[in-house]
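In the part that follows, the structures are each spelled out as structure tokens.
In the two complexes that follow, subunit A is the common piece, with subunit B as its partner first and subunit C second.
Here is the complex of A and B:
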């Protein structure tokens, strides 16, 4: 048994090295994907274009506008003192938010009356809209508090009232700069490896069928499990190399911190690679056609990896049924493990459920592959 | 070499292959229809028939890579239905198509099949040389299989099929895409193997080359319509030893057609 598996490993390795395209694919694609997705997928909301209609046009209202201008979150693309043309700017997408400062803004504020600011937000991109609105609200809040305390100070009330203001000292852990790449890139490693590992193995068994070499294998005393293991091991090693490459890009290019244990990372990667390579092998054995198998493996891994793994969309906010589906996506466990290992330095004591689920999936997919590998022609 | 010498190698009462009422259907199509025959150990047994007669299907069933619909077949003492793993250990199989790895060299292909058949490193080394020599591939060890021409590919397939010294060798149309001189060489190889005691089961649709088999069966539309040594068949169907196997085939098919069908439609 050992001898047969070794022969198969040797043969598969030769196949990999003899086909330069698969090598380019194996090395170039993961790096390219991580760089493109890493740069492209970002939740950071910066330079939101805002239009201001300042009907008051007082020093105070201009001060408010200046505060927006001074923050890196907003770009004031239009600043008017009359109510005109803003509908069109919103329609054309030239501004995302319009803030209307009412007439008498400054006077009302100084005389202690209620002041209402109007915000018109383009909600078609709800995520950006919400984040930008949040930024704007807190900026206005700060402005409002500043104005209030200045007023109280001027009246000498702040000191005599004896109300100590509540001071918030907030610390953000794991990703103190709140850079979305720190969050995205570890997840991206899981997504990219899910797609790539399945893609590479999806060709192996289908190629044997298409070239007729499967007939020769079937006529030999090799067992299905030996074929599966012999095909899995070289691609597993290739997958480990790709994973290291992708992690290297993440650390060097995106400055992802690595706080956890290398050994746990190796364990999780190994289990995950068995799962995703196994998916490719299963599809390959089931379709027996390289083209179909390739397409299916990309579709069947890319969509769940992006959508159902928690990569972008939090699983907890999905409908129950969809949440149930995510348990079938190995990228989900690997992704959680990667974020934990990279950003928080969490160990097995926290990540054991992920490791356990990966083991279950690996055993399951290997069993399915062995069953699907019929050593008969009909 | 006189015929007598060759026949001495054949063990009279030990059968390498015994088939009884073997049938294989694919849906409504009956590829192999209730055939029975036996092949003696050390014999070269030819399976002659036009394309689609059921030759490949029979060979695949005997190699344990397809399941029969009904009937029995034994390879040595192993049953094809239940003991296909044991069968695969003692047979060599060469498919009609080229089924080796085109991107691997001659030597790599041979080593791979040696490994699959659990040859130790030492026995692989000692056997590789004579096999390469026998198949005339010496000097081409480092050539990629895809760069070999048709005849050489066949030789490589044969080399891979005999490396583990199988007791029974199944060759499915081994000379289908090979020029006449290479075909003659190939049959010389088959004789050499048979002389060493290997049973050789070979299919072909070339009438002239099957004449060199010890015994042969003519397969037509899934049935064996006649079986015997080439001389017996000529005598039985044409009455003349000068007739060619082609004449035998034509008369046998005509006789078959004029017979009322025995297997089907019986009242």
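Here is the complex of A and C:
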């Protein structure tokens, strides 16, 4: 039995090496993605282009504009003192937010009247709009408090000068510089492995059917489970290679911290690779057509890996129904484990539920594959 | 002459849909993708789990806590008893941030001494942490303002009151924003990957030789191979728009005809790329890997998921070489803002240039490939 599996592994490995371009691409794609994300494809919001219509044009209103300019969130790309053309800027997408500072802004504030500031946000990119507007509200609020406290201090009503009565002191754990790449690269391992492993294996069995070589396998004494193992192992090794490359590039080029145990990482990656290759093999055995198999594996892995895993989009912000669905996605568990191992240095004592799920899923998908793998001509 | 093309197109349709299951990836998957993208893709925060450690337990501290409770961004589901509990909750990933209200919080406020609220955020998810900081910062600033407002007397110290309004997508539905993204993704899958695989399949199975020895000319073969996928692509656009309209009541402010014309220009671009890939691939696996290698960076650098403005400068320049960038801008402009050619002509022009040049390159290569 071992001989049969070994020769199948050899055959499949030969197949991988006979097509060097696919091999290079399979290895190059993860590296390219790490580099792109590492170089700063971020999902955070900064440098949002803002237009300011300053109808007051006083020292105070210019101070407010400077506050926005000094924050990394906004880029003032238009600053005018008369009301015109702002609608058009928003229409053409030249700015994302317009802030109108009313005339008499400074004088009204000084004489104790509250002043309304109009903000107009382009909501077509709903995420950026919401976050940018949140930042803007926060900056204005803090500016208002600073000015108010200064004014009260000047009049002797407040002892402390120019500082708000309540200050927020923020501390960030695990990733103090808040670098996006630190958070994205570990997650990328899960995404890349899920998509590539499933995609590559999704072709294997369908190819045998399409090229007619499956009939030879059926005629031989090999058992379905042996075919699956023989197909799985070469791609498992390829997957581990891809993983090590992503980790290597992440750590060496972009200084991603690695705090946890390598052994646990290896264990989790192995389990996850079995899960995702298993999905590919299952699809391949079920469809017997390379085109269909590829399309299905992209749809069934890309969507969950990118969207439902918590890779970028926070799961807690999703509707309840979809949150429920994410519990069925192996990438979700692997991603939690990866971030824990890389950034927090957590061990099995914390991550055992994730590992347990991966084991269950791996066993489940392998059983399903063996069932689906009918070795009959019909 | 066109008779041959017609036959080829018929043949391609029969071949593609002989396997009824093909309907799943070509027509059902786009709708499912739309639903997931529309519902699940948001980088803004909602219901983020936070804990509070209230060492003061006074009226003032409860005011702050109820402000956090009232915010839809946060789910205050842990009241921690001490610092150790917070450590543990963050380590286990049960909460993403903790707010610590110091002892003497109220007393300090009353005595006009500055007091500090501490925020601890889990930076593993850098985006969420940044947004949490911004939002909590605002809640705290409002508290400050209230304290100061009590101190002021008539005639001094006005307060700035921002009045936000949102245009184009007032309810800030991310589904509306994601429709163009799904259209791009679906078109790339059908017209780039699928086409290149369909052509290499003929080569793998050996039927391409029969076509070459037949009196069919290379341009006829090329049209016969691409027109079916062009039609399928246009069907998908219509399907996604219809589904967007029915499920998410997507606004369509601009001209639908104009939108389809733009989509057609983009389809020519990506079909040409698909042809090009097929000419340099021997097996379906190669075709798939090569086109996937093109699609992933193209999607990432398109501005569909992450704002281009936030990328580093030199990456922003690279995005100018990406046809997807122009296509998604045009789609969003037409659907959400009702833009027409007067605004979108630069995007359309660039797309046309890409389409024409890719088409010329790939048809030259395709002819050589057949010989």
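Before moving on, here are some points about what is shown:
One rule holds in what follows: the second predicted complex is superposed on the first by the 358 of 378 C-alpha atoms of A that agree within 3 Å, B and C clash if a C-alpha of one lies under 4 Å from a C-alpha of the other, contacts with A are read in each partner's own complex, and residues count from 1 in each chain.
The rule is simple: contacts are C-beta pairs under 8 Å (C-beta built on N, C-alpha and C of every residue); 3 or more make two chains touch, one makes a residue touch a chain.
Source: prediction; values computed, not measured.
Touch criterion not met for A:363: it reaches neither subunit B nor subunit C.
Of the two partner chains, subunit B is the only one that A:212 touches; subunit C does not reach it.
By the document's definition of touching, of the two partners only subunit B reaches A:4; subunit C does not. Contacts of A:287 after superposition: subunit C is touched, whereas subunit B is not reached. Using the contact criterion defined above for the overlaid structures, shared-chain residue A:14 touches subunit B, although it does not reach subunit C.
Contacts of A:221 after superposition on the shared chain: subunit B is touched, whereas subunit C is not.
Measured by the number of subunit A residues touched, the leading partner among subunit B and subunit C is C.
Residue contacts after overlaying the shared chain place A:263 against neither subunit B nor subunit C. Residues 19, 211 of subunit A lie at the contact with subunit B in one complex and at the contact with subunit C in the other. Taken together, the subunit B residues at the contact with subunit A in this complex read 26, 60, 63-67, 85, 88-89, 91, 93, 95, 97-104, 108, 111-118, 120, 160. The touching residues of subunit A, counted against subunit B in their complex, run 3-4, 6-8, 10-11, 14-15, 18-19, 211-213, 215-223, 375-378. Looking at the complex, you find that subunit A touches subunit C at residues 19, 21-22, 25-26, 28-29, 32-33, 36-37, 39-49, 75, 90-93, 96, 108-131, 133-138, 140-145, 147-149, 151-152, 155, 157-160, 163-176, 178-180, 182-183, 199-200, 203, 207, 210-211, 287, 289-292, 294-296, 298-299, 303, 307-308, 312-314, 316-319, 321-322, 336, 339-340, 343-344, 346, 350. Those residues of subunit C lying in contact with subunit A across their complex are 19, 21-22, 24-26, 29, 32-33, 36-37, 39-49, 75, 90-93, 109, 112-131, 133-138, 140-145, 147-149, 151-170, 172-174, 176-177, 189, 193-194, 197-198, 201, 204-205, 282-286, 288-290, 292-293, 296-297, 300-301, 305-307, 309-312, 315, 329, 332-333, 336-337, 339, 343.
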